[in-house]
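Chain nomenclature is as follows: A, B and C, assigned in order of appearance, with residue numbering initiated at 1 for each chain independently.
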Amino acid sequence: MHISNGIIGGPVSLAYGVVAVGLLVLCLGRARQDLNDRLAPMAGLVAAFIFAVQMLNFPVLPGVSGHLLGGALAAALVGPWVGALCVSVVLIVQALVFADGGISALGLNISNMALLGTAVGYLVLVGLLKLLPRTAAGVGLAVFLASIVSVVLASQGFVLQFVLGGEVPLTIGYGQISATMAGVHALIGIGEGLIAAVTVTTVAKVRPDLVYALRGARLERPATGGVPTRVFVLGGLAVAAVLAGGASYLASGSPDGLDATTLEGCTVDADGVITGGSCIAQRAADHELGGSFLADYGIKGIDNATGLAGLIGVALTFAIGLAIFWSVRRRRHADTGSAASEPTPVAVPAEK
Amino acid sequence: MGAGHTHPMYVHGHSPVHHLAPEVKIAVSVLFTIVVVATPRELLPAFGAYAVIVAVLAVLARIPAGWLARRSLIELPFVATAVLLPFFAAGPRTDVLGLSVAVEGLWAGWNILVKGTLGVLIALLLAGTTPARDVLVGLDRLRTPQAITQIALFMLRYLDVLADEARRMRIARLSRLDDPRFLWQLRGFAAGLGTLFLRAFERGERVFLAMRSRGYTGRLPAALHEGSVATARQWAVGAAVPALAVMVLLTDRFLV
Amino acid sequence: MTALLLDDVRYAYPDGHQALHGVSLGIAPGERVALLGPNGAGKTTLVLHLNGILPASGLTGSSGTVSVGDRTVDPKDRPGLAEIRRRVGLVFQDPDDQLFLPTVAEDVAFGPANLGLRGAELAARVDEALAAVGMSDVKDRAPHHLSLGQRRRVAVATVLAMRPDLLVMDEPSSNLDPQARRELAEIVLGLDVTLLMVTHDLPYALQLCARSVILDDGRIVADGPTRELLADADLLARHRLELPYGFAVPVS
């Protein structure tokens, strides 16, 4: 969800920059207590891991990319304060060393992905860990759900920035932008949730001392007759699918207010305020396909079919993204080595 | 290990831009980008002038145009969708080459395209002339908190370790006849992620212990890179770039 | 006066595994001692205690004291730890764990620079250390472009540059070809330091160290002249140690 230069207006970018710096200073203060000998290399690894998974990305909106975020993973392994710093470091290095994400949009990106994503991920995780048993399955499920919620809410952080800082009269309202972002990111969240859950449970089994969210506690053995891993994973996926459909439905359920303001015709500010756009990827696809169903989605906007249409559109976008990712991956699979030695008992269905 | 992954974007060279202290280059890049983004999108000549400044810097840095073009292509999909905006924006419409497009969308698309591209080119010039570690040194000298530079240092170090461990585990798997095709790999890939993470951590932990053993306290000793500290002259030269950009902006805004 | 003194050192890993069950050991200045033991005996864990990396402060399950010269290791005493780490030079088994900077010279300079050296003094220290291991000509090369034998020698130099009182080497001969192994031995024999060498390469221990200590299952089970220990076939067999095929302890 990297925002490029020039998507969000200068004053809003600046305001977010100031807020981001302020909150990072707070994190630094808190992190100082946490960043001991054990956590310093862990923080580096978490940052590197997030950096690596963020490399798989695809366009969602003009100037905005979609990819795994890693906030919940960071919160689980190194805690919210150091976790927010880790994701920030990833974003700073990406902007300066890899030209990924606008330098002037750093404040926006850090606010969404590093601060909002990590904070939400941690809160959900801590809440769920209170409810769920501290078994491998319980911790895995907690991390999985925390990832989804964190990613979806972080995407809504962008929507807020866009509402504040990008005014362009579009035929499509903010409600649809919100729905698109939520839908795409619910799917991203499922992928991220799987990766984060597998990673955290493996670490928790072997080195529980490295999982911040467990605070040094060992995993409990599941009670006899506990839920089998496969059932748990499939159940989690079902929950995620409901969330994905529901999120876009809810997000588009009552955007009237926002839509009205948009359609009232914003004046173009002399400072050249920036636009993003509608769900271009889907609309482009529907343009080529000439499908009336999806076209309807764009024009009518708010009706009962939106949730479903959103889901289909999202799946389409995701399929395109996956196809791009796949072809890139094929070309480069020699050096991007993916890896596994022995299959662990955790069965992970391929996401499509 | 350490097969040089940490400098994927660096173009080796000895140009004046390469020799500029990293803190100067970072400050210049950030300021220049801010000026570009703050420029109203209607000031077309200003963007032309910025492009000329970037081109001059690229020539000074002896960064091949082909490299810049190839590298910025990676960002293209994210910016190119802006081209579609004119067709989807509301408001007054105009005809371009017989197509009806929204004026507002045209401007919005242009705005993203030009600012995004210039921003990427500026960042590429920084990355191409400054090894990743020097960027960290520069950030450190710009008073970036130690916690951040330390995490960043370990992150770059761990990227090597991760890539290295991933490669070894993949070879181990392939030599046992695993199917290398992507979707078939996903399952093994996901299952191996946790293992990869742990292996990388334990390796990196040893690296960290070795550093601690030699007296590391959280920041690279300044003596290792004292040769490249920015002089007043370097700061002055560097400051000229954003100053020039601001002058372009002001001239265009108020005189033309 | 001892260079190193361990008194009843016990350590349990966070996962509960008890690695050291009360180790006591003294080494005199100038002495060269081999620490022998099978895989998993706790050798590396013990080594990490020597410069205060273990036990991490605030960790339970560990006890005992480690003294280097006149100083006792205290995980909470940061300035004290810095001094301990200057005195004890640790050469890790895998040089890739040790070398992390872009050039050999920078990596060798890392330690002394952390000690506060700079400029000409730092450069002189680097040259001296590289010369001591015969690696002066690779100064400006990238460590990962060197052979394993060369990297291990550079790793020794990174530690020598800190002028340690005690040099600790973890499996220095592992994976080296015979020539590199011999060259490293010659370098070590030429150094004027107190040495603790962790290894299960018994001939190497015999060549380099007059005294040996056998560690097994977190306990010291034998301590004496290397020649005598290696001649005791039963002792070696009990602790999963073996002389290479065809090797007999030379009679002096």
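The working rule: contacts are C-beta pairs under 8 Å (C-beta built on N, C-alpha and C of every residue); 3 or more make two chains touch, one makes a residue touch a chain.
Quick caveat, the model's predicted, so the values are computed rather than measured.
A.B. asks: Counting only chain pairs that touch, give me the topology of the graph as line, ring, star, complete or other.
C.D. replies: Contact pattern: complete, every chain touching every other.
A.B. asks: I want to compare two interfaces, B-C and A-B. Which one has more contacting C-beta pairs?
C.D. replies: Answer by contact count: A-B.
A.B. asks: For chain A versus chain C, what separation do you get between their C-alpha means, in angstrom?
C.D. replies: Whole-Å distance between the two chain centres: 46.
A.B. asks: Can you compute the centre-to-centre distance for chain B and chain C, using the mean CA position of each chain? Integer Å is fine.
C.D. replies: So the centre of chain B lies 41 Å away from the centre of chain C.
A.B. asks: Please report how many Å separate the Cα centroid of chain A from that of chain B, as a whole number.
C.D. replies: 21
A.B. asks: So which stretches of chain C touch two or more other chains?
C.D. replies: Chain C, residues with two or more chain partners: 53.
A.B. asks: Two or more other chains touching the same residue: where does that happen in chain B?
C.D. replies: 157, 207, 212
A.B. asks: Mind pulling the chain A residues that touch 2 or more other chains?
C.D. replies: Touching at least two other chains: 37, 206-207.
A.B. asks: If we count contacts the way the header does, which residues on chain C are in touch with chain A in the complex?
C.D. replies: 14-15, 53, 56-57
A.B. asks: Provide the residue numbers of chain B that touch chain A in the complex, in ascending order.
C.D. replies: It comes out as residues 8-9, 26, 29-30, 33-34, 36-42, 71-72, 75, 77-79, 81-82, 84-85, 88-91, 104-105, 107-109, 111-112, 114-116, 118-120, 122-124, 126-127, 132, 135, 139, 145, 147-148, 150-159, 161-163, 165-167, 169-173, 180, 182-183, 185-198, 200-201, 204-205, 207-208, 212, 218.
A.B. asks: Of all residues in chain C, which touch chain B in the complex?
C.D. replies: Where chain C meets chain B, its residues are 48, 51, 53, 82, 85-86, 88-90, 92, 94, 96-102, 106, 109-111, 113-119, 122, 142-144, 158-159, 162.
A.B. asks: Help me check something: in the complex, which residues belonging to chain A touch chain B?
C.D. replies: Within the complex, chain A touches chain B at residues 2, 4-7, 10, 13, 28, 31-32, 35, 37, 40-45, 47-49, 51-52, 58-59, 61-65, 82, 85-86, 88-90, 92-93, 95-100, 102-104, 168-172, 194-195, 198-203, 206-207, 210, 263, 265, 268, 270-272, 274-275, 277-278, 280-281, 283-284, 324, 326, 329-330, 333, 335-344, 346-352.
A.B. asks: In the complex, go through chain A and note every residue touching chain C.
C.D. replies: 36-38, 206-209, 216
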